[in-house]
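One chain, subunit A, links the two complexes that follow: it is found with subunit B in the first and with subunit C in the second.
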Partner chain A sequence: MAGITEAQLKLVADLEMEMMADMYNRMSTTCQKKCIPTRYKDSELTKGETVCVDRCVAKYMDIHDKIGKKLTQMSQQDEERVKQLQAQMQN
Partner chain B sequence: MNSPDTQNARNMRDFLELYNKLTEMCFLKCVSNFNNIKLSKDEGSCVGVCVDRYVKYNQRLMMTFMEYQNAKQEAAIKEMEKAHAEGRTPNVPGLAAGLAASSGSEMTVAPNDTNSPGPTS
Partner chain C sequence: MKNMAGLQGMQPGAQQSVEESMRPFREFLTQYNKITEKCFTDCVTDFTTRNITNTENSCSINCLEKTLKTTQRISERFQEHQLLNVEDPSAAMQQMGK
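== the complex of A and B ==
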């Protein structure tokens, strides 16, 4: 995309912030489902629960990165295919 | 400023929302063991399969939806021409919604295109 204006940059930054917040919320609900039991007596988290939360976050972020790379790769492949098709149509 | 920019912004937003949804869905499906802090090979390949499947499902859904929409629009146009020729009001359910959808259409993928719903540049 040639000539990105400041307004567009701001849009992208805002969108990224919003999406990061969305990811955080999803991660929060997901790790709560996986690690925090619904029945409890104490207000303190057990050691098992804290360890689980650490690992849950690590795995979630790892998967987030992997999927990001995969989606970018798929998008690039599709863009190349479109370019090839367009080049063929012009010839 | 309006059409291509807002269209791009909408595409970008859809793509990023898909990304987040995918992460949540595939994590829920593939990860149940927290004995290790690293992802196991099984979990990694499960995520890969999960992503492929969902993207293909999404593409097919969009294609079928677009075909359906096109057929519906053509039928509506025919009905309108017919009604106009016969001098009566057209019998097209959801006409206003259809017109609004076709003028501000969010579909950037043609039925025969193999593009995945990614950001267009």
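== the complex of A and C ==
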């Protein structure tokens, strides 16, 4: 890898890990709020709650991916626009 | 993600500035997580199916774009306000009243 030291790679990996944990915590709170009513009549997860939690996790990851792809696409378009502007400035 | 490209040009050995140069990237990722949480909470309500419905999909993408545009607009107005404040504090107060 040109110009990137091991320490820098570790920093990037650490940041990725930290952000995964952050995403996990947010997802966990969100799916509890969406799927688990706060009456707590029983200590067991009901069948419906279980299915809801499973789907909530799956859909959360899907939305996370979709938003990530859209963000990447948007920032790429931004970058191209900046490059075009810079090229125009030089002419 | 565009901030990754910035890592290529970093000087090795400058540990302090490496941490510092990671900051925009860290902020970007945190913002990304926050937007997912917000847009998922507001848009995904149907747990009778595992698939993302068309409505949920377009809602999430609109939510993302709208959030970014709103943040940008807020930051523009805030910057204007800050600028006015430096130049002439009394004019800033009038501007705010409009």
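Descriptive notes on the structure:
The criterion applied here is as follows: the second predicted complex is superposed on the first by the 89 of 91 C-alpha atoms of A that agree within 3 Å, B and C clash if a C-alpha of one lies under 4 Å from a C-alpha of the other, contacts with A are read in each partner's own complex, and residues count from 1 in each chain.
The rule is simple: a contact is a pair of C-beta atoms (placed from the backbone, for glycine too) under 8 Å apart; a residue touches a chain by one contact, two chains touch by 3 or more.
Nothing here was measured: the structure is a model prediction, and the numbers come from that model.
In the three-chain model built by superposing on subunit A, subunit B clashes with subunit C.
Of the two partner chains, both subunit B and subunit C are touched by A:Lys59. By the touch criterion stated above, A:Arg81 is placed in contact with subunit B alone, subunit C being left untouched.
Of the two partner chains placed by superposition, subunit B and subunit C are both touched by A:Met19. When the two complexes are overlaid on their common chain A, residue A:Ile4 makes contact with subunit C while staying clear of subunit B. On subunit A, the surface touched by subunit B in one complex and the surface touched by subunit C in the other have residues 8, 11-12, 15, 19, 22-23, 26-27, 30, 33-35, 51-52, 54-56, 58-60, 62-64, 66-68, 70-71, 74-75, 78-79 in common.
On the side of subunit C, the complex with subunit A involves touching residues 1-2, 7-10, 12-13, 15, 18-19, 22, 25-26, 29-30, 32-37, 39-41, 43-45, 47, 49-50, 52, 56-57, 60-61, 64-65, 68.
Residue ranges of subunit A in contact with subunit C, taken from their complex: 2-5, 7-8, 11-12, 15, 19, 22-23, 26-27, 30, 33-35, 51-52, 54-56, 58-60, 62-64, 66-68, 70-72, 74-76, 78-79. Subunit A meets subunit B in the complex at residues 1, 8, 11-12, 15-16, 19, 22-23, 26-27, 30, 33-35, 51-52, 54-56, 58-60, 62-64, 66-68, 70-71, 74-75, 78-79, 81-82. Partner subunit A is touched in their complex by these residues of subunit B: 5, 9, 12-13, 15-24, 26-28, 30-32, 34, 36-39, 43-44, 47-48, 51, 55, 113-116, 118-119, 121.
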